[in-house]
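Below are two complexes that have chain A in common, paired first with chain B and then with chain C.
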Partner chain A sequence: MTDVASNVRVAVPGATTDAGRQGSSLRLAFADPVAIAGLIAVGVVLLIAVAGPLVLPDPNAIDAPAALQGPSGAHLLGTDPFGRDLLSRVAEGLRTSLWLSALSVGAAALIGVPLGLIAGFGGAVTDAVIARVLDAVLAFPTLLLALFVVAALGPGVAHLAIALALVFMPYFARLARSEAQELRTAGFVEAATAYGTPRIKVLFSVALPNVLPPLLVQLSLSVGFAILAEAGLSFLGLGVRPPQAALGLMLKEAQDYVSTFPWYSIVPGVAIMLAVGSCMLLGEGIDRGLDPKRGGGFRER
Partner chain B sequence: MRLTPRNRGSAWWPRWLGLRLAQAIPVLLLASVLVFGVTRLSPGDPATVQLGMRLQRPGAEQALAALRNEMGLDKPIVAQYGIWLGHVARGNLGTSARYGSSVSSLIAQKFPITLELILAGIVPAVIAATLLGTAAAKRPGSPLDLAVNGFALFGLAVPTFWLALLLLIVFGVDLRWLPASGYTSPGTSIGDNLRHLVLPAASLFIYEVAILTRFVRAKVIEQLGEEYVRTAIAKGMAPRRILTRHVMRNSLGPLVTVSALEFGTLFGAIVVVEEIFRWPGLGLLTIDAITDRDFPVIEGVVLTVAAIVVLANLVADGTNMMLNPRVRDTVGRRT
Partner chain C sequence: MSGEALVRVAGLTVTARGRRRGDDGATIVRDVELELDRGKTLGVVGESGSGKSTVALSILGLLGPGLHAEGSVAFDGRELLHRSEPELRPIRGAEIGAVFQNPFRSLNPSLRVGVQIRETVMLDGHERRAAEQTAIELLGQVGLPDPERAAASYPHTLSGGMQQRVAIALSIARDPRLLIADEPTTALDVRVQAQILELLARLVRERDMALILISHDLGVVASVADRIAVMYSGRVVESGPAADVFRSAAHPYSHALLESAPRLRGPHGLAASLRGSATPPSVPMDGCRFAPRCTFAVPRCSTNEPPLEVVDDRGHRAACWELPWTPTAHGDAAELRKSRS
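Let's turn to the complex of A and B:
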């Protein structure tokens, strides 16, 4: 049990080398090997999604005699019930998933961050109002709210993107708000205000760059969660519609083949896991680089 | 002799409750505005949307006219919201188009079924996460820590519904150890009820264990770096005692808070899990309602879940206050 004591020694301030802190915060963000691993993993997933359609067979080419086959030379990951190439469909599914998640998370950040900055820098009343609105959105479980919005608007990719943007927005706003609250009393912000810099300029040119590194963490984690949510909603028939390939949709189809062709359930699931896992790895890596003392407790919103 | 005249033990909670309710009530009201607003975004006449498939039945014309009148569709939107909120506040969530019964009675009937599943997933997860997270935090970077971290990342990245599907294939279809889907009420047979519970609960368990283990690990590592641990070591306190008496005790409060948040999140995750295992709780009710465009049911479930989440957070916050006197002193500070 001496390990408790040894751990304490490591965690004492000054005992760790803070040399990395000399660089810019963004360079620091990618200082951790986990971040590099995450970056590579995200790169591989992106490569499959982007380059896949250029080199792989047509994901919609039907070849009935070759239906439900395992991996082979002609079809590297086998075929689905229509004889379509699974790897091509996974690549297309990943592409759909990635741009949809990036788009909705991007929109969530674009709305959430300014909202949070305004709350954090604004007066007590503005802050209280925005904070309660965020709490109200957060009172709904992510998936249930997205489901509800899509059910009301009707299924489809555009509605799915709106739903995902809405459910992820509060996380960005909360992050920006807490950073802004800390910055409010920081010397350089007070100095800028004292020099007569307009409030709005202080907000966006002074505060925003400081919010950027933790924002990167939240962005990559959120894209991961958005991929999961998109897959879940498409699985329930509320997201991407056939014949477009989506990983969740493939899993829904695979449900009919669980006893006859379980391989079909494995491939899209592994693809989702890799895509989500690489985003989370990247997020965690950046987080570690920013704060070496914190061993990655990223769900502590 | 008391060194500190702190008789705040009985005095902290009325103030805390008042402040928390002052937050919770506006949040619930805003959540209701969201539910009302999103439903109104649905294309078509609001009364038609509410009636759904009942429009095809005889006498639909009169029902539609009556409902239009009841919803006050000729009045401004704010008045319509007021009418709707008045109904909701009295527990009237409307009538299900599919079942013909009141939405509140449907929810009351399905809620215990879902609660059983969620508790069976999260309670073991909290216990396992406390043990795993603490063990990993004792030696950061050790093989055990790496294994725990790797497992946690896997648990986070794996889609719950895919995991559910895999569990179903392996244990329900291939090995036939457990029933693949369905539900038996505990009143009929407790053994059967539990056998049906294992697979869906395991799907929720794996995800939750991942999230909570990461949290416990980070919290314990953070606490081990605190000055009081150094003091305790300097005083010659046994490491095991430091861990159980101080570190775990200080980590418990935050764990309660996060577990309550996760308890709420699971009301979203159960939708897919219940669909896969045909577990007839709130999730399956929601999915069926979406398929049938049975809007009163969807609205009712979403609103009820939001209320449960707000209440769960309130209870967790109160528990946290009771566990940790230091947090009590922050009552009333801007959050």
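Let's turn to the complex of A and C:
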């Protein structure tokens, strides 16, 4: 048997006998250099957001004489019109943005993925009903729909989270549905049925692991878009409200100073760019890692 | 044949539903009869498209949504046809296991082998730890040299033969009384084929399990099976004890199948081949479906379809108007070959 194994193994693409290198598809996902760069970028943003409040000055400490200053030793990124430390406020804003986005995107995935799987695996009627509802939600521009929802519910962080979850949910459902449609005819799904696996288990313990890699890409891209959406809605005054720091809110306050103190606009602007960009980079990297045509995935390494 | 058969398929007819109303649809399998005792092996042989897989899927209740089965599939005295999904679930896996042709397709690429077997074992309500242990034992039983390591592997890191062993471990994980193996060796190379057949034969012996072995290779089946059913164009054309069918095939088609196997020894180096191709079962036609390719067809063959008739008292039956058909009664083998070329 051993010698048969060593002979036949060659025929399997990407086969490796080294137990230590036997990677799951998730590990392959993070093998791409772009994915690693994305991970580092997200890590830096997370570090600023999480560790910032611990080491930086109070973001709400007003120091009027020090208002509208550029970067200095006391205030690394300068101060706003109230003399508040900009770096502290950016860190606070990032933190708000990140948890809000992560929470709403997480909720979107938790609702969207099962919905998509049920649609993809279910009968024609179930699928048609779910698909049409999703299409209806998708027909609205993302930001506009979020705006409607917040306008209807009233401004506030919780309502913003609900709005974001709602607008991102269809993307997850659509992804899961198309994956499920492919998986329902897969040999191992039929085999699992033949072994007597109940339908619900086929969905969540047989099919779901195969949806995880593309889901990861969708998750990180969506968090990026959600940060952007959050900033936009806060800018419009529909999200986070002062005095709490939020990146969109800072941009809004900075509007009045664009000509006199442009630095005030640049700092939150760049922070948004970094936060969104790092999520996009991570998503792109994972996507590349999973794509065999780009040299990742299950190709011989 | 003693006592009540474990599997009794009678008058099984499978049709593909017509797209329009009033359309009767195409017949894929007609009037199939099979019988299998406990602990015995039945070989089902036929070309691609002869309906052998459809018969297997009918027994498992896994026919696609467009297919409709009629007749009877009795397992251990219980009728399986027309059962709903929830009614079939306690039987699938627990009483009837299945091994499919392509092992890589039947394993989940995203889960470790051990996890897949553990989850299947746990369907019977075992504890996680115990199930993990059972999974490793099963991997050992199917002849994997290092069961612990195999359990921790992903399917794509295993060879084709090892994958098929894993698939077999999965199919017997719930200790079924019947195993249906649909072309389990077709995707494998010849040496591994023999090992897998040996493994199946051993498991059948050790576990007192019945086996339905489906193959297009009469030789493969003859080495393992107690009984053989030969299918052609959706019908069973011959069935009987393996030795009888193999040694004295009663139907010209079975004979041609045997003749078409390449031989290394003997006067004829080249394998004889059948003229033309099989009529798909969906095409309606009068008479014996093999008649257009049969060297020995008489006028009656193309007007009336022959029934399965008893050849001898050991349960050997064949569907041919010219019974008892033997190649010598119709000229010797050399002449037979000449007439075909």
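Throughout what follows, the second predicted complex is superposed on the first by the 269 of 301 C-alpha atoms of A that agree within 3 Å, B and C clash if a C-alpha of one lies under 4 Å from a C-alpha of the other, contacts with A are read in each partner's own complex, and residues count from 1 in each chain.
In this text, contacts are C-beta pairs under 8 Å (C-beta built on N, C-alpha and C of every residue); 3 or more make two chains touch, one makes a residue touch a chain.
Small disclaimer: the values here were computed from a predicted structure and weren't measured.
S.K.: Contact-wise, after the overlay, does A:199 reach chain B, chain C, both or neither (first, second, both, neither)?
M.R.: In the superposed model, A:199 contacts chain C only, not chain B.
S.K.: Let me test your reading of the model: by the given contact rule, A:281 touches which partner, first (chain B), second (chain C), both or neither?
M.R.: It touches chain B, and chain C stays clear.
S.K.: In the superposed arrangement, which partner chain does A:60 touch: chain B (first), chain C (second), both, or neither?
M.R.: A:60 sits against neither chain B nor chain C.
S.K.: Comparing chain C with chain B, which touches more residues belonging to chain A?
M.R.: Result: the larger residue contact count on chain A belongs to B.
S.K.: A:212 contacts which: chain B (first), chain C (second), both, neither?
M.R.: In the superposition, A:212 touches chain C alone.
S.K.: With the two structures laid over each other on chain A, which partner does A:191 touch: chain B (first), chain C (second), both, or neither?
M.R.: Once the two structures are laid over each other on A, A:191 reaches chain C alone.
S.K.: Which partner does A:139 reach: the first (chain B), the second (chain C), both, or neither?
M.R.: first
S.K.: Across the two complexes, what residues of chain A are contacted by chain B and by chain C?
M.R.: 1-2, 4-5, 7-8, 11-12, 298
S.K.: What residues of chain C sit close enough to touch chain A in their complex?
M.R.: Counting only chain C, the residues touching chain A are 60, 62, 85, 89-94, 97-98, 100, 102, 104-111, 119-120, 123, 143-145, 149, 152-154, 156-162, 167, 170-171, 173-174, 189, 191-192, 195.
S.K.: For the complex, which residues does chain A have touching chain C?
M.R.: 1-2, 4-5, 7-9, 11-17, 19, 22-25, 186-188, 190-199, 201, 205-206, 209-210, 212, 298
S.K.: Note which residues of chain B are touching chain A in the complex, please.
M.R.: Checking each residue of chain B against chain A gives 23, 26-28, 30-31, 33-35, 38-39, 41-43, 137-140, 142, 149, 153-154, 156-162, 165-166, 168-169, 173-174, 211, 214-215, 217-219, 221-222, 224-225, 229-230, 233, 238-240, 242-243, 258, 264-269, 271-272, 275-276, 286-287, 290, 293, 295, 298, 301-302, 305-306, 309-310, 334-335.
S.K.: Which stretch or stretches of chain A touch chain B in the complex?
M.R.: The contact residues of chain A facing chain B are 1-5, 7-8, 10-12, 124, 127, 131-133, 135-137, 139-145, 147-149, 151-154, 224, 228, 231-232, 235-236, 238, 251, 254-255, 258-259, 262, 265-266, 268-269, 272-274, 276-277, 280-281, 284, 293-300.
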